[in-house]
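What follows is one structure encoded as structure tokens, with my remarks underneath.
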Amino acid sequence: MKGRRATGVIVVLAALAALPLFIRSEYLLGILSVCFIYGIWATSWDFMSGLTGRENFGHALFIGAGAYTAAFLNGKVGFAPWWGLPAGAAMAGGLSLVIGIPTLRLRGPYFALAMLAAATIMQRLTLIFWQYSGGEEGIPGLDPLLESKAAVYYLCLGVFVVITLALLLLAGSHWGLILRSIRGDEAAAQAAGVNVTFHKIAALVVSAFCAGIGGVLYAHYQEAVTPDVFSVALSISIIIMVYVGGIGSLYGPAAGAVLLALLPELLRGLGQYRLWVYSLVLIFILFFAPEGVIAPLWRRVTGGATGGAP
Amino acid sequence: MLNILVYGAVTSAVYAMLAVGFTLIFGVARVLNLAHGAFYGLGAYAAYVLTARLGWPLLPAAIVAVLFVAAFGVAVERVLIRPLRNSALAVLMITIAVGLLFEQAMYLLFGSEARNVPAFSNATWSYAGLDVSGQRLLTLGFGAAVIGLLWLFINRTRLGAAILALSQDREGALYVGIPADRIYAVVMAISAAIAASAGVLTAPFLTVQPTMDLLPMIKAFSIVIVGGLGSIPGSILAALLLGYSETIVAYAISPAWTEIVSLVAVLLTLILRPAGLLGKRAAF
Amino acid sequence: MTPLLEIQGLNKRFAGLVAVNDVSFSLAAGEIAGILGPNGAGKTTLFNLLTGFLASDSGSVRFDGRDLAGEPPHQIVNRGLARTFQLCRPFAGMSVLENVMVGCLAPRVRHRHAPRARARAILEAVGLAHRADAPVEVLPYGDLRRLEIARALATGPRLLLLDEPFAGLGATEIEPISALIRRLHASEGLTILLIEHRLREFMQLVSRVIAMDFGRVIASGTPADIVRHPRVIEAYIGRDDEVSETGEPPAGEPRGAA
């Protein structure tokens, strides 16, 4: 059983690594790179919200923080693009503390609403303080992290795989157990000696940090940022990807994000109806498959029994 | 000073109209309706279609637009929210999907450019060096009247009493046989209608665009958090507080900073008084 | 010798209702005592005050010589004061072993024992070893009660507060749980304070009873003294129906997370 799962993972990874040998289209490689970035966002969302059960409706806040930090340093100040990675991740992590500390102490929908509000307000601020953020057009003319599209593909794939595996390891560790107990029953977790506020905030910081890295990769892939990186549509798209993958499993959302990001591109002409597709997928999932699709399927194929790591 | 007094009052009235409906449906049905902004936007777009595309006079167009949105709200509650009511997260997701679909639909139908809705009043009111458009004053008056009527309705009618009972003691209300499902529909209709009328009234002086739903919704739930989730007097108080704070910030510093006011207010409330100004509990 | 737990003048009000009214008593290390009282007497509120789930209006709680005022629940657990809930509250979506492991990860015990091995040993002690890998959703209520106790034990407490450990159990399930509690007291030297509103279960289990009514301590003494105490009789005769076992789920019915 364990062997089959390991084989499955290796086959998938080998196929992804070999893809650039067969695909010469830079356009297609670019799309796949973006799919991996979505994978980073969905997995990092799932790490905090899926494991602890506190839904984050503004993951785009962290994505945008990473992307704009990178763009500002590279496009406005003139730093080398690689500086964006630590700076963007740190900025996202810092913002997660600002929102997380006041809201995660509380039960109720405050965290979800505050995240949604913060991301939306940040999007407005990029328009209002256009002297620094470039307004509607954002900040164009960024340097790519690597020159060739194939190299960017491997970079995005590499970061995606490393983050996903690292988060899976954390989720399977004692810390993951503590986070899952918070999802199970917050008061009972306290009675078992868990400092629930601390662990929720710590998980949010990790989640934000990874999302920020994804944001930096995205900004340099696009060689530009626009206020859309803060949009509600992006936050919700990510949650929908997690839902499709199977909330709380991490690998399901990782795969769900790659597939859902790819779907509108594969069905030509569907690109502009992307949000329609997602919304309909969401309604289908909510009504007919609340457990998601990918994680349950994967478990059946590989013979795994219960949740957690693959 | 007079500027701040009048403009602050207009802003507060709009915020109160948005927040009261949002807090009402939460208090009664425990539904956090993230499609609330879509109701507001839909009201404005419906008024636009009826007046600019179909050439209706404004008053019947406004009334039909509000009724249409009320019916839409009831339909959303019936078809999408009710089957998922057991899961708070699913309700959040489905209502936010409605909001996204609204934006996408408006974008496909009418494009991203701003649309115009005629004003009820093109007069300008001048006093002591202050010019205020009649439409703004009408909005202020209408907002105050709507909230007054809502107060009378809840405190003076049988249906209102049932709504109040449901929001104060759910189990008790269900136990004595209050038809919860029918009341959810009524409350949804009221909530959607008030949001839509705010949309119709503010459309002439704000922009009618596909993304117009988001900011009012953020304002609505910021106000509701500051005032206390589920408390109508709390949301009115918070609407005044936020409306005036934003107006003062706009005059004293710069209009650019107004957007930060609600975020700071929310975070301060959650740090200092999590249950909100007039809320009873920190959680639901 | 200073008592392990010392409660002095504890008060808690909810919107005009006095739930806990000037409660004072203390508990010596190694003692097994029970709080008796009809529903609504303030027993669970008292537990919530002791464990930091609620903040008291006034009064003090000293545990092991230290004032617990203002400490959050997890920190109180880490001082060696653990509790169970009246309604079993397992962590849904996790196995029995994982549930207990969460308790083993409390900072107080984490570094002294390997969590997994310790969790297995505790499951062995409460008689749940054979269900270690089962998801909690399939456990019958009697086993959920054992799990509830096992998770509290996992945090390595010196004082264990059990909130109605027999609630929801059928007649045949009570005795094994009662025996388990006695064993924990005898073999581990655990100090135990438990809540019940049924006298019968108390008689054979505890050495001292603290009787409460309307938030006040009305009597304290051995179980035999307490049943003859006029104020206890008054409190119970006055509201006879609440001593009965109505309104509780039938035996062995599996229940999910509360």
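A few points about this structure:
Letters A, B and C mark the chains as written, and numbering starts fresh at 1 in each.
What we mean here is this: a residue touches a chain if its C-beta (ideal position, glycine included) is under 8 Å from a C-beta of that chain, and two chains touch if they have at least 3 such contacts.
Source: prediction; values computed, not measured.
Least step count on the touch graph, subunit A to subunit B: 1. Compare each chain's C-alpha centroid with the centroid of every protein C-alpha atom shown, and the nearest one belongs to A. Measuring from the averaged C-alpha position of subunit A to that of subunit B gives a distance of 32 Å. Distance between chain centres (mean CA atoms), subunit A to subunit C: 42 Å. Averaging C-alpha coordinates per chain places the centre of subunit B 47 Å away from that of subunit C.
Counting partner chains per residue, subunit C has no residue touching two or more of them.
Shared contact sites, meaning residues of subunit B that touch two or more other chains, are absent.
By the touch criterion stated above, subunit A contacts subunit C in their complex at residues 174, 177-178, 180-181, 183-185, 187-196, 248, 306-307. The part of subunit B that touches subunit A in the complex is made up of residues 32, 34, 80, 83-84, 87-90, 92-94, 96-97, 99-101, 103-104, 214-215, 218, 221-222, 225, 229, 256, 259-260, 262-263, 266-267, 270-271, 274, 282-284. The residues of subunit A lying in touch with subunit B in their complex are 55, 57, 98-99, 102-103, 105-110, 112-114, 116-118, 120-121, 124-125, 128-129, 232-233, 236, 239, 243, 273, 275-276, 278-279, 282-283, 286-287, 290. Residues 51, 53, 72-75, 77-78, 82-85, 89-95, 98-99, 101-103, 105-108, 115, 135, 151-152, 154-155, 257-258 of subunit C are the ones touching subunit A in the complex.
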